[in-house]
Structure formats: C-alpha cells, structure tokens
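Next, two complexes with chain A in common: one pairs it with chain B, the other with chain C.
Moving on, here comes the complex of A and B:
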C-alpha cells in the first residue's frame, strides 16, 4: 500500500508545514461541509502532525467530502493550505485503489473519452447543432479561444449556458473560435480529486492545442476550467471568465438587451472558483445590473462568504458522507425566504446542484435557477427559454 | 546652551507622552508637548474602564491631562505635527507645523453655543465616538477635553469647504467672545530642543479595510458588528448612548467577543500578538455582565494571554461572573434577520456551530500609526518589519538615533500600565541624555 510519507519522501506535516498550525479552527469554521460531515480540517492537520502513524488518516473516508472550495486555506492565519492536505491524502488513497466507484468511472471516462460524463468524443459538439458556433473544425480562426467545457457541452441542463453564450457572441459580434470535438476535459476536477497523473495527461493535450493554434486569450464558460488554466497550467496568455467578457460588452453597450421586461428579483450565487479563488465578484454582478428588469439582491452569505454548492473537488461524482440539508438546498431555502424569483449563477456545477436542490426541496414554481448567460439571452431574444 | 534650562520635545499626548512630559517637567526640563488631535489623552480618553481594577479611565486620566496643560514647564500645542528635525550641534532644531483651530485658545470660554448653533449640528458623525454619535462641525470631542477650547472640523465645516455658510456662519454669530476666526492660517514653528520623545500611539485595525480587512466578518455592513474601541464608547457615560449598551436602541441579550481580529494573522499583515485585546475583552465581558443582568457573554479565543499583574485573577473573576470562554477563532459572520450568526468551530468540542447573537465585538488589534514611516524618516529612526518604531535591544526607550526616544505603543503594542511605565522610561533616558549634553 502506498503511504502518506511516500509523497516527495517527506511526511504530510513536513510537506505542508503543519508544525506551524495554531489549531485555531478557522479552517473548520469556514468549511462548508463541517456542519454536516465528519470532515474537520483542523483535527485532520493536528493528527497529521501529532500521530506517529499518520497513515491512519488514509482510512478516513471523509476526505472525499472536501469540495476544494479553498475557504479553509483562504482563512488560515498562518497561511497554511489545508485544502492541499486533503488533496494529498486523496492522491495516496487513489494510488492504493481506495477510491469511490463513481469517481473512478468519471476518471476512466476522462481518460478514454476526454470528458468525465461517460459520453463519446464525437458528441462533444452535439449541443451546437442547428445554431451558429465558430469552430476550428470549420476553419474559424481567431486569437480568442472560447473553452466550452465538458459540462456545458454534455449535460442537458448546463448546455443552456453554452447555447446562450454562442448566441450572445453571435449578436454582439464577438470574435472567437472553439476547439469543437478537439476540446478535452481541462482536468481541474481530476486534479482536485487527487488524480495528478490524469490531470497531466489531459492538460498536455489542451496546452498543445493552445500553443499550436497560437491563441492569445482563453475565455472559459466554467470557473473551474478558468481556474485550472490560471492556477495549474502555467499558460503565458490571459485567461478570463465569460462574465468578464460580458461585463465589458455590457459596459460598451454591445449587448442588445430587449426593451420591455418584467421586473425580476435576482440573487447572485458566487461560485467558489470564480469568487473565493479568483476574486471575480463584480463582473457577474455588473452583467446582471445591466439587464433591464433585473433587481439584483444579495444573499447574506455572498462574495467572500458565499456558501459552496458542494459541486467542486470531484464532488459531482462523489456522493459524500454528509447528512442533513445540502448547502444547495440551504441556498434555495434562503432565496425563497428573501422573496427572490431567480438564483443566478455563473458555473455549470452550481447550476446543476442548485437545480437539483429546487427539485429535492419541492420548490418548483417557487424559484428558478439560471446561469447569467441565459438571463442575458432571455433579455436579448425574449423569455421563451425561461419557461 | 549649557546655561539655559534643558529642553525636550514630546510628540504625541496620549498617556505615554503625557507621562514622559510630566516626568521631564517635574525634573525641571522645559517640555514642548505636541499633539496631532484637537485634545490630549489619546486612546485612554476613549476608554471607559481600565483593567484589571475597573477604574474609571477618565477619572485617572483627567488629572494628568489637566496637569499637562497647566504645568509651568510644559507648553502644549494641539493640531500640530513634527514635520522636520535637524541636528544642530548637541541639540535639535524641530519644525512643528500647526494647523489652524479657527477658535482662539485664549478667548474661547467653552460655552458650547457655537456647537449648538452650527448648521450641521447633529449631522456630523463623531470621530471620537468612532462614527456612532452625531456632533457639529465645531465642538470638543468629549466634555473633559483638554484643552477645552472648541475647534472647527475643516473636513465638515461649510465655511471652510465652500467659503460660505448660509448668510453667515451661525457659530460666529452665537459666539459672545468673538473667538472664531476663519482666516486663521497654518503656521510653522522652529524650536531648539535637547531631546525628542516620540509617543505617537497606535491605529486600530480596520476589519473593513479594502486591502487587509476581513470582509467575511461583516463589519462594514452590519451595525451589530462593532470593534472593541466602539464598545468602549458605548459603555462610556460620555459616549453616544450615555453608557447604555444598546444596539439599534435595544439591549443585546447575547454578546460574542471575537479575539485576534487583525492580530496573529498573516492574512491581515500582522503576525504579532496585540497584547491588550484579551484583557480588553475580559473587561468588556465583565462590564456587559454588570450592566445587563442575564446577558450571555461569550469570548471566542485562540489563547487567552493574561500575563500582567492581577490579570489572571481578573480572568477568573470574569469566568466566575459568567463570561463563557470558548476556544475557537470564528471563520465568518453573517446576518440572519435581526440576528448575527457567528460560524465557529469550538476546538475543544471539535465541531462547527452557527452561534446566533445580538452583538459581536471584534477585538481589533493594534497597528502602527499611519504615517509612521514618514515620521521615522524625519526623526532618523527606523521601523521594524511589523511597522512599529525600532528601539535599541538593550534600551527599550532608546531610538536608534542619539537623543531620540520612543514611548508607548508607537514602539509596539502595549496596554495602559505598560505605556505609563514606557513614558517614564523614555523620560529617564531623555533626562540622562540632556544632563550629558549639559556636561554633567
């Protein structure tokens, strides 16, 4: 069996400087899972440091509950990185074959099909059938790559994001291209689930594509793809999120919003990978504020305190040990109590977890979940999509 | 030189600077005491009670501020700053820039009519009360202020901002003794002194700071989240609520004190312990328990540091009185209806809780005064990595330049008893230096 101390030949405590831990609890207190899961990052760090046989941590299944939102690491007063400790433990567990079956399937699919959803490579562009989407496969050249992402490309609900963005780019005259069926998974979730080797493999394909086609800029649909391009790829070109592009277009008056519109009360749910990890808080709000009829309101837990939807860190493919109300359900309940019509978000995982929470809380008809791109398109083309 | 009386400049008239000035003055040194603000007393003047004895802070301080103003060997200059310092032989030439007060120190009888008459009366947020009370554009920060002369706030006064105030400034109209002069100008004085003591105090950490703040603590937007210094003003009889602990006009039933806000926290740019906040919160918990019978007072801490004389005993007193000490540094705070929710792991129990309460008091840490680096450059001192003035390793009062000394919290966080001792130490060191200059 692989051991924790096998990583780089040092113990977990040495590798992550856990001797400096204050045991203050700010990591656990901020952890979105700590109320409903046995996951306790402070205790985890303490045991890594104190127990001679830190290997016992490998038995702990709750490391799979981590959503990799990084709230813990952002709060640590000694600037330690509990989120990376969780990832390191996952890596060793995977090497020993101790991995949830559903996650294993997603990893195998990523390797085999270039996406974690178990779908064929050839179906990656199925979402684009019948609509105008620039693609290198149809010789559309551009210095700006729109990286669509696996979930917006394959998931029937998240596909709304991809379709909406394609439509916005079309009407706003945005110069871009996509990789079509050449696009492969960015690897963000696989890396955060602990599978470094798979991440290397996927990222190499993307990096080669980016370099070969000499892109000068990447715009990503998903904050997860964007984040890994920024944090893990080491690209030398700027990477942005689509909300930043839309905010710029809105500021320049290039989004032809519809004139008449019903008043809609919208609360924005900050995706962790956009906000907490990349400090992009204002761009999505500026887009929403520009849409006629939108009244933007704030969750008490917004921006730096946004309540993680539990979709990150591979959690889309891991059930987890958490009991009781899911965070996305809390989010939906809070929004209904606030009298909100729509929860807007800007991430395919948040979109799916929130949609699921509407169903599991029986809140259909009380509240709707939209991605910001969909809200923009609803205003441009009329609201037939919103029904 | 040696025939005239020795002289010294003390910059900053908080409790440390006053102590240093009076010690020197009592020893026969001619002291110029320069204060940036409108009145003297510094942070201690804002404090309600002192630990561990729960003495009334202003009752202890006022005799000292009055003495500093009236001592024949002390010349007090307010609204003034040290803007230049050059060595001239064995002494210094100090340049003092004095901003106008717009009210004549000799004529003003502190009747208060100007303040009542001011067009902005009740519309200006009190700086002294940390934004919690409403005042005028002319006034004194608190009733026992020294000097008692009123002063105009140039950042608010209509006359000074726009050159006109209705048909004429109402304050001047109301003043029987003709003390208000809007034409007063900034002036510069050059003084020869034999020694300099810097006692410029500290700034309080701002949890809402855009660069090093902690937005997750909801301080900026939530009126139920206040700092420990704001608590002092609420608790003080001269404060905006006349000493009643009220939040939105209502007495809180559950108060949570949060330690180490902006201290021991590299994410806020301060790795150091601020040394005073544990005792401040214990004291404030006791005040709350005494003022509001039945109140729930919880202190959330990482470590309680009660190291001074009588401090540990005070901590036990607070505990026995009902202060609940729970170990865990909260991670975030958010509003829920009329309540505040503190999300914290009690590290002794090992589980995260969402604690609902009515008032959160952030034990904000001590920071170097803004502008410390500039002042250090003027006075030929250096600042440490933490931003406070560097002192000699073997001489805690000694600055790194000869004849320049450091007193109080500008050299590092300290509480009132330590600041007083530090003021005396700096006075002693300055005196030694002055006597040496005199050939003794």
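Moving on, here comes the complex of A and C:
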C-alpha cells in the first residue's frame, strides 16, 4: 500500500502548509456534503497534522464523498486548499488500487474507450444521427471547436443538450466544428477523483488534437470540460462555456425565438464548475431572460452560495457514504415550494442529478428540469425536446 | 511458494459490430480495443493475494504478440515479480491445444507449486487452457474455482456448480487452478502503476522448443457465422421509462415470469 507521506517526499501537512490552519471551520461550514456525510474538512486537516504522517486518513472512506466543488478552499481565510488535500488522499488510495468499483469501471472505460460511461468509441456520434452536426470527420473546418463532452454524447437524457445546441448553432449560423468520434474524455472528473496519470493520458490526446487542427477557440457543453481546459490544460486559446456563446448570440439578436408563449417560472441552478469555480453567473441568466415567456426567479441559495448538486469530483460514479436527503432533492423541493415550473441548469451532471431527484422525490408532473440550450430550442422550434 | 499466473489480452467486443473475415473462419479484429481477459483479472488478483499471504514469488505468463504486453504490465504493476511472454507467428489463430502446448513451453523446467489462470477467455471461451496445461505438466487441475485457500502443500477450493451449488475439493500441490469471476475484487491498476511497470523487463520467448505438430489437427474451425436473425424481434423505442414499462407489459403478457 502506498503511503500518504510518499507524495513528493513530504507529508500531507508540509505539502499543503496545514500548520497555518486556524481550525476555524469555515471550510466545513460551507461544505455541501458535511450536512449528510462524515466528510469534515476541518477535522480532516487536523488529523493530517496530529498524526505523524496522516496515514490513518487512508482508511477514511468519506474522502470519496467530496464533490470537489471547492467551496472549502474558496472560503478559507488562510488561503489553504482543503479540496486539494482530499484529492491528494484519493490519489494515494488509487495507487493502492482499493477504490469504489463503479469508479474503477469509469476509469478503465475512460482509458479504453475514451469515455467514462463504458460505451464504445464507435458510438460517440450516435446522438448526431439524423441531425445537422458539423464534424472534422465530414471535413467541416472551423477555427471554433465545439467540445461536445462524454455525457452529452452518450447519456440518453443529457443528449438533449447536444441535440439542442446543434440545432441552435444551425439556425443561428454559428461557425464551428466537432471532433466527431475523435473526441476523447477531457479527464476532468478522473483528475478530481485523484487519477492523475489517467488525466495526463487523456489530456495529451485532446491537446494534440487541438494543436494539430489549429483551433483558435473552444466552446464546451459541460462546465466540467471547460473548467479543466482552463484550469489544468494550460491551453493558449480562449475556452468558453456554451451559455456565453448563446448570451452573445441573444444580445446580437441572432437567436430566432418563437413569439407567442406561455409564461413559465424558471429558477436557475448554478453549476459549481460554471459559477463558483469560474464566476460565470450572468451569461446563463442573460440567455434565460432573453427567452420570451421565461420569468426568471432566484433560489435563496444562488450564485456564489449555490447548493452543489453532488455530481462533481467523480461523484457521478461514486455512491458515497452520505445519508438522508440528497442536495439535488433539496433543490427540487425548494423549487416546488417556490412555485417554480422549471429548474434550468447548464451542466450535464446537474441535469442528471436533478432529473434523478425529481423521480426520487416523486415530483414528476410538479416540476420539470431543462438545460438552458433545451429551453432556447423549445422557444425557437416551439416544441419540447427534453424527452 | 512459486506461483504463476497466465493472462490473455483479448478484444472488448461490447457494442462492436463484429464481422467474419474473408477466410470465413476468423473475425475481423481491427479497431477493437484490447484489454486483459476478465477472468484473468480475478486469477491475477488471487495470485497476488496468495503471494501476500503465504509469501513466495509470482511469475506472470502471456501467450501473445508485443501489443499484448499491456496485460503483462498490469501484472507487474500489481506485484508480479517476473513477466514472460511467448509468441510465434505460427500461434496466430491457434486452437486451444496449440495454445496449451505454448503455455507448457513457456513454463519450461521451472516447477511451480501453484499455477492460476482464468476459467475461460472472453473471446473464444473454450475454457480449456488450464486443464490442458495441467495435463501437459502431469499435475492436478481444478476448474471453475470461486473460493480457495492455500494450506501447506494443499489447496482447499470450492468449484462452482450449477444453480448456486459449490463442490469443495482438497487438492495436492502442484496444481493448476482455473479461476471463476467473483472469487475476489480485482484492484484498480493506476496509469502511474502501469507506467512504472514499463521500466521492468519482460522476458520474451520465441516458439522454439514448442512442438505444435501433433496439436493442430485436434480442433479445426471450419466456418464462423453470425447467428441468423430471429423472427418476431421487437425493438423497444422511447425513453428509458417507456421502454421499461413496455418490457414489463410484455413480460406480463408472455406469462410465466411475473
């Protein structure tokens, strides 16, 4: 079994300068998981200080509950980075090989098939059958790459995002191309789950693709892909989220929204990787406000204080130890109490966790979950395309 | 204890559109991702667990070409002390008897106390490698083992039978045990682990000394065909919920199940 103290030859406490920790608990106070899981970052840091090398932390399974939302790190008055401590512990656990089976499958699939969903590379473009999607495989050249992402490409529900975006780009005349079946997983979740080696393998492939095809700009469907391109890839080209592109198109009047429409009350759920981690709060709201008939309302916990849906940090493939109501369920209940018709979001993981929560809280028929791209298409084409 | 494990590098055919090659007797393998055979992952894990428990050294064997070394590196990454790969062009498309002769050749004069292998491979699924190797070595063999414990010069094993039944067998070493899935929980092998293992040597043997002459005729594949399309198949379309509901209705209609 590898040891925590083996990381770069220093202890966890030294590596993350934990002696500076005040034990104030602001990190834990902001942690979306601490309410319902044994995960407690303040205590975790304390343990790694008082134990000589913190090895006992390797026994703590709650490290898998962390969603890597980074609320803890953003709130620490000493600028410490508890989220990175969690990741470091995960990395050592991964080297030891004893990790949740579902996560293991996702990692092996990412290496073998280039996606964490256990699906064949050959089926990566199946979502695009019968609709207009530009692709380098059909010689569509562009300086703008639309990075579709694994979940929008493979998950039957999240596919709605990819289809909606392809339709919007078509009607708005957006110049773009996709990598088709050459696209591989961005590696964001694998890195955050602690599999640094796998992230490197995946990111190398993408970086080579980006450089070879001389893209000048990348637009991502998922805030997770976008974030890792910005935070971890070190690209020298701008990377944006699709909501930023749609907001610009809306401002230029290039989105041909349908005229007549019923009033719908929509609450926007800020994805952590879009909001908290990249401060993109206004673009998604501006798109929603531009859609005729949408009345945008705010959750009590929104923007910087938004409640994490628990889908990040590899959690899409980790059951976790958390008990009681899931954050996404809380979100759905809150929205219903607010009299909201639709929760809008802009992330495939949020979309799936919220859809799940509608079912597990028995709220079908009371509220609907849509991605912003789907809401835009509903208005443009006048039909609901979410199913 | 001297322990050996045999692993195979196989194509992953889930979701693949398989086609019979022009010779009518083999499958087109191009474009398929390859990985360690599922059963062998359990055999490898069991070998490592046994080594950790009783001590000794572990040698991993593989019959395959250079591309197949990836599976041997996984063995080295999780604790194999040595890796041996044997290959000869004459072995491409070989039948299980020929493969077993190659396995026997790879083992050579080294007397292993315990040899583990997967109960079958996910590509051709003959399930003959282990028993044939034991036969060639003249040692004991137990197949489809889903529980085992080494005790001195014996192994206590449980063989999986039909319907959830198990048969307990006590077998003297040396022996070849072929492992059923589910016997343990194979660990994750990190990319870093595999990369480190790239620095460890792999002994490469050619087929010299492996006599295939009497094996080739024992089993000959005449032709390979895709199963004929069945009549009356119905593809269920719609959202997962709709498909599940339709499934339920169909099962109720058909009776006997629900």
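Assume the second predicted complex is superposed on the first by the 383 of 387 C-alpha atoms of A that agree within 3 Å, B and C clash if a C-alpha of one lies under 4 Å from a C-alpha of the other, contacts with A are read in each partner's own complex, and residues count from 1 in each chain.
One rule holds for everything that comes next: a residue touches a chain if its C-beta (ideal position, glycine included) is under 8 Å from a C-beta of that chain, and two chains touch if they have at least 3 such contacts.
Quick caveat: nothing in here was measured; it's all calculated off a predicted structure.
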Open item on the list: By the touch definition at the top of the document, which applies to A:200: first (chain B), second (chain C), both, or neither?
Closed with: second
Open item on the list: In the overlaid three-chain picture, which partner chain does A:274 touch, first (chain B) or second (chain C), both, or neither?
Closed with: neither
TODO: Would you check which partner chain A:153 touches, where first means chain B only, second means chain C only, and both and neither mean what they say?
DONE: neither
- [ ] Have a look at where A:119 lands relative to chain B and chain C in the superposition and call it first, second, both or neither.
- [x] second
Task: First, second, both or neither for A:57, with chain B first and chain C second - done: neither
Task: Intersection of chain A interface sets (partners chain B, chain C) - done: none
Task: Residue ranges of chain B in contact with chain A within the complex - done: 215-216, 218, 260, 264-268, 302, 327-332, 334-336, 343-347, 350-354
Task: chain A-touching residues of chain C, taken from the complex the two chains share - done: 12, 14-17, 31, 33, 35, 78, 185, 187-195, 239-240
Task: Complex interface listing, chain A residues touching chain C - done: 94-99, 101, 104, 107-108, 111-113, 118-123, 156, 195-198, 200-201, 387
Task: Touch list for chain A against partner chain B, complex - done: 22-31, 34-35, 40, 42-43, 71, 74-79, 300-301, 303-305
